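Below is one structure; the comments refer to it alone.
Should a chain be cited, it is by its letter among A, B, C and D, assigned in written order, with residues numbered from 1 in that chain.
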Amino acid sequence: MAQNEMLAMILAGGRGSRLKDLTTKVAKPAVFYGGKYRIIDFPLSNCANSGIDIVGVLTQYESVLLNSYVAQDGRWGLDSKDSGVYVLTPREKADEGLDVYRGTADAISQNIDFIDTYDPEYLLILSGDHIYKMNYAKMLEYHKAMNADATIAVRGVPMKEASRFGIMNTDGKGRIVEFEEKPAKPKSNLASMGIYIFTWKPLRKMLVEDMKNPNSNHDFGKDIIPKMLNDKKGLFAYEFKGYWKDVGTIDSLWEANMDLLDPKNPLSLNDSSWLIYTEDVSTLPQYIGNDAKIKCAYITQGVRVEGSVTNSVLFTGAVVEKGAKVIDSVLMPGVVVEEGATVTRALVAENVRIGAKARIGSKNSENIELVAKNVKGGTK
Amino acid sequence: MMSIKAFGIVSSPDNSVHVEGLQDYRPIGAFSFLGRFRVIDFPISNMSNSDINRIQVYVQSRPRSIAEHVGSGRHYNINSKRGKIQLLFSENSSSRSIYNNDISAYLENIDIIQRMHQEYVIIAPSYMVYKQDYRQLLETHVASGADITLLYHKVDNAREYFKNCHTLSLNRQKGVQSIGKNMGTAKDKNIFMETYCMKRDTFVQLVKAASWESSIYTLSDIVNIKCKDLDVRGYQHRGYFATLTSLNDYFNASLELLNYDIASDLFRAEWPIYTRTTDSCPTEYFESSKVTNSFVSNGCLIEGTVENSIIGRGVVIKKGAVIRNSIVLAYATVEEDIRIENAILDKWAHIIHAKEIIGEPDAPQYIKRQDTL
Amino acid sequence: MAQNEMLAMILAGGRGSRLKDLTTKVAKPAVFYGGKYRIIDFPLSNCANSGIDIVGVLTQYESVLLNSYVAQDGRWGLDSKDSGVYVLTPREKADEGLDVYRGTADAISQNIDFIDTYDPEYLLILSGDHIYKMNYAKMLEYHKAMNADATIAVRGVPMKEASRFGIMNTDGKGRIVEFEEKPAKPKSNLASMGIYIFTWKPLRKMLVEDMKNPNSNHDFGKDIIPKMLNDKKGLFAYEFKGYWKDVGTIDSLWEANMDLLDPKNPLSLNDSSWLIYTEDVSTLPQYIGNDAKIKCAYITQGVRVEGSVTNSVLFTGAVVEKGAKVIDSVLMPGVVVEEGATVTRALVAENVRIGAKARIGSKNSENIELVAKNVKGGTK
Amino acid sequence: MMSIKAFGIVSSPDNSVHVEGLQDYRPIGAFSFLGRFRVIDFPISNMSNSDINRIQVYVQSRPRSIAEHVGSGRHYNINSKRGKIQLLFSENSSSRSIYNNDISAYLENIDIIQRMHQEYVIIAPSYMVYKQDYRQLLETHVASGADITLLYHKVDNAREYFKNCHTLSLNRQKGVQSIGKNMGTAKDKNIFMETYCMKRDTFVQLVKAASWESSIYTLSDIVNIKCKDLDVRGYQHRGYFATLTSLNDYFNASLELLNYDIASDLFRAEWPIYTRTTDSCPTEYFESSKVTNSFVSNGCLIEGTVENSIIGRGVVIKKGAVIRNSIVLAYATVEEDIRIENAILDKWAHIIHAKEIIGEPDAPQYIKRQDTL
């Protein structure tokens, strides 16, 4: 029975503070992306499509929405008899105080008892805030073929940018010989994607030791990986070549949305062999009104367009009223752009109302404007 | 959902109904409606929203699409332990004979009906689209003391439309005097919505009585006969109402909803119409797209022109193609520069060579499933 | 749409320390009962059968198993589109520290944001560790009919024991005029069952105020109910007459199991109109061997009996080997009683193995013996 | 569950098979087995445990019980988005004609088969009980380079048993030379388990070829014919194996499992047999109960004597009643002092007046569903 061969743990505790007002109420993995999705739909759908049945989601900070969202595991088909998505928050034990997660490794260590319940052979560790499609079953095959202790997914970045990343230097046959965090003079352009497969038993042992180490940051990148390299364990790099995005800022979130308008966009959410699953909604299909004008747009069900939409992504329930113009923008769920208003190069947060004739953003702005509060109508 | 004292039955049309083309591939309940729904979503959502959590769906021929769409019924928001959507088949399913009617289907499953815990039954057709709170219907029924309450809709265009439908003759007290056929002889009629409310025991008695009297009697036949002995009353429905018992009816009922006010009255946030999601991504509109007054489902790629039309999931409309006053079902592809007007393209149709497909507003052109033209 | 008319919140944070070794690894609501159930199956099944769609389960302490258990909401059918069971643990907010629940009212207060998401009219508050069948929809009808601010379920206890309970004194028409916690001289025998329906809006206001009150214990019984009485709010008692048990000790847990052997047992788990749902298991049916002797027993699937069983309750996967005797006992899941062993007046914890010829418990013991560790074989 | 490169087909028996009594109410796949299972749980669990997450179940007549039992398939541990258990009906379902065979069912659904993403197909019957890891079968098939691999079981009692079954003639290299019928002429035979592994494309070609050659050809007929042209091989199965194609076979196969060693080899923790739970409570044994060598399901009330028997869910056995060498299906009630031996009591049977129901070990007495005797 292969079902618990590999368990996935998604680290979803990031505050995402560079996403400003988008993350004051929700954790970063719950941020909206791509017309109908939330970012965490990507790792969760990847797990479902890769045949992983049990997923732990490690959350902290303001996560009531994220917790409720991922708890509905039927959204990703992870609700069959022995499947499930489990929310794991820091918790109080009978003999200890209540604690937060101190680092990425600590988040796993605190849940060793959860993992032990399923007795997996391998542990997959993912980040909850990356946008990409990846078959973890293939990565596991590679891990097994290499007889690895740990396999780290990497992707090639432009050499000149490599010094901004955690860089893996390999022996040319995939084996990692060195790991450098943001090296001044990078020797390779293979950046860690924060996706790890560990053979569970030896990792478990390391984690137990690491928990007791007062000098450790309890972090995979800072402590566990360096120690494994030091101990001459078998660490291998698994190169990923598809679309991948870490949307850390408003500008990059906007950009990732705009990428979907490219007809050759490699994320191709249309591919029926690797669907991304998300919350289901009960709405009308999208309605395009009598006077609507739509050019280059990514629009989902429940949207109503009576005005003009160009180069934009519109989420469920967004409304563009008559005479309103939406250009180079992202309208999150429930946004209403009232009559005659214009929205340019902006990212409008959930349920925000842009008053009639208001003008938001401008064609030549350096940064994308985040609109997180209702905007009163303009006069012009 | 709190449960009420009624279970639900979603009924099949009898064999006198046949919708040209579409029905060759699936029963009316499985027809696509407004792009993302299927017709049967309406009766089941009405029941679910009315706190009915035990529902029997009667299926006749070609049950696959209904069976798959309804599935476990979880998407209709019914508790999967306490509640249940049960598909009931009738063994004569494939035969087109007049003996194969609703009464014979109920008779075949009469044990199951008799084992239901609920005191009342609401019967609604799988081939009509409307919104109705059955809690109100049940309350009115119980308060009135009637034996049977029938849902009807007052129309003023019965001469031209509702040709296959039954009508109710009502007295001043809303007592039903008889159930007849709409012969198109008058414009004002009370169209019977094939929706019944009664005690389960009354229902069982009617089914048995019908089968004793004549093996071709339908439920409406026996209720018509019993109008003399029983207290049968009408309950008026208001709002959007469509019967889908002919290709024209289906075409008109769909395009009527392009009036957004009518559509948004049928689809209200507090009365969700549930359906099975297909997990398709948003629709992509390209540089050359021109779309107006249309409902478009997810997963489409649109480069051409769409006017006054309903576009199903995953449809591809290439550059220069023009779709007007038409219904395009899921996964159909219309290649470059093709013109389509007053047509219904069935699922997976692929229009490549035919330069034009033009029907009439009152006689839409139907293109078969998977046809390549 | 009635679905979120009433939300249920189950307080499941109790340590249950009087259940000794049964609750060192699991929280009390996860303790096994009745051959195949866990205690929390009762309030959860009651919710499902009463037509409640959204249930929050408030846990703390050692609850990884409880959290995973209730997260599988399909077990109670609470997995349809807008239904769900949500685990709510104490959590850290962006601006505050991480905290435990300070009292029953605080547990609700800390989750006001969760409740607000569903905007219910009424809030049902339950305890996760009581065994009973109750239709909360009928209690809600009563709450509405009385136009109550709060309705408290009560049950009659013998007058002489009333001083051990929280007693509700009513005006004879159901209205509560006084609440006395463990009164020396009880005026009534109506004991609170810890089941409350509140009209949400006014309760929400009270909770917000209570959170700021430094003198409050943040407890329904100690603070909220007395304050409501003081404020002359409409509090009503709803009398419950069925089987009800709070299994606080090993003896009472054993007793509650033994109650099931009574053919007239009023809990009647056999009633198909009010089933109790629980985890599904993939096992054989129970197998009764060639030499087995069974008299008065409550036995579930996956059990194998080759020996003799009298007056006992056997959980999934329990095995009674040849020549072994089980008398007046409860064998929890996976217990093995080896050949020739005898178990009398005992409660044997999950997966414990009683060695061949061992003798456990005695016919005349005052208390029930809890066996929480493997027992070596006897010599006799 | 990781997914493999094959989809699954659970096939229906052809019309030559008829199990007296039981099959009047449900197809063999829906027969109760060992009290808590249904026969179809075995092929579906084998597939699920073998990482097959797309499964087509072909149903012919009386589909309700299978449709309800299989439902959305979540209880078979298949991802409900990525995977799918699909019920496929054949339109001629009710007809008993020889034309209504497996090939006609596959032909009717050939579009759906051709649209499957997986390269291989595993076909297993809904009327046999065995445990098999199809990953091993597929690996062997692929490694051998064969066109078709057939699962078989070596038996030494083919003279008395397996009368309705096909047999394989194998050469030394396990090449299949022909598929024949077991005529009971020899005791040693390779019984064909009606289980196939091949490429989806090969399967589609066989289905089409069969229908061109003769409209009464079955899949095994065409494979038999193609043995000359294609590389067809056998793969030997070991362990418990039962065919349920007659009432006797059903009776013997069930009671054989009362040998606990055989039963626990078929039901292993690492190879769970999934089924739909009915949420029944544990079984209650009273003061006067005497039960030995029996499998008992949950929800029963037992006051009487049960020996060498299989008792379904919710069965009531009153004081003084004696059940011996029998199979009692769910919700049957046996009143006081009644003796039952070598019998099969169908669901909801109620034995009140008949003092004795005695069959023979090789000719069990069958009592109809809901019968009151």
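The working rule: contacts are C-beta pairs under 8 Å (C-beta built on N, C-alpha and C of every residue); 3 or more make two chains touch, one makes a residue touch a chain.
Keep in mind that this is a model prediction, so the values were computed, not measured.
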Note: of the two pairs A-D and C-D, more contacts are counted for C-D
If chain centres are mean C-alpha positions, then the most distant from subunit D is chain A
Cα centre of subunit B to Cα centre of subunit C, whole Å, reads 45
So, in whole Å, the Cα centroid of subunit C is separated from that of subunit D by 41
Residue ranges of subunit A touching at least 2 other chains are 74, 79, 81, 275, 277, 280
Listed in rising order, subunit B residues that touch 2 or more other chains are 74-75, 81, 272, 274, 279
Listed in rising order, the residues of subunit C that touch subunit D in the complex are 34-36, 74, 260-261, 263, 269-270, 275-278, 280, 282-301, 304, 309, 313-314
Counting only contacts in the complex, subunit D reaches subunit B at residues 61-64, 67-68, 71-72, 74, 81, 86-89, 91-95, 109, 111, 279, 370
So, in the complex, the side of subunit C touching subunit A is made of residues 15, 24, 60-65, 67-68, 71-74, 79, 81, 84-94, 98-100, 111, 113-114, 117, 280, 282
Residue positions on subunit C within touch of subunit B in the complex are 1-3, 5, 48-51, 53, 74, 76-83, 137, 273, 275, 277
Interface with subunit A, subunit B side, in the complex: residues 34-36, 74-75, 260, 263-264, 267, 272-275, 277, 279-287, 289-299, 301, 306, 311
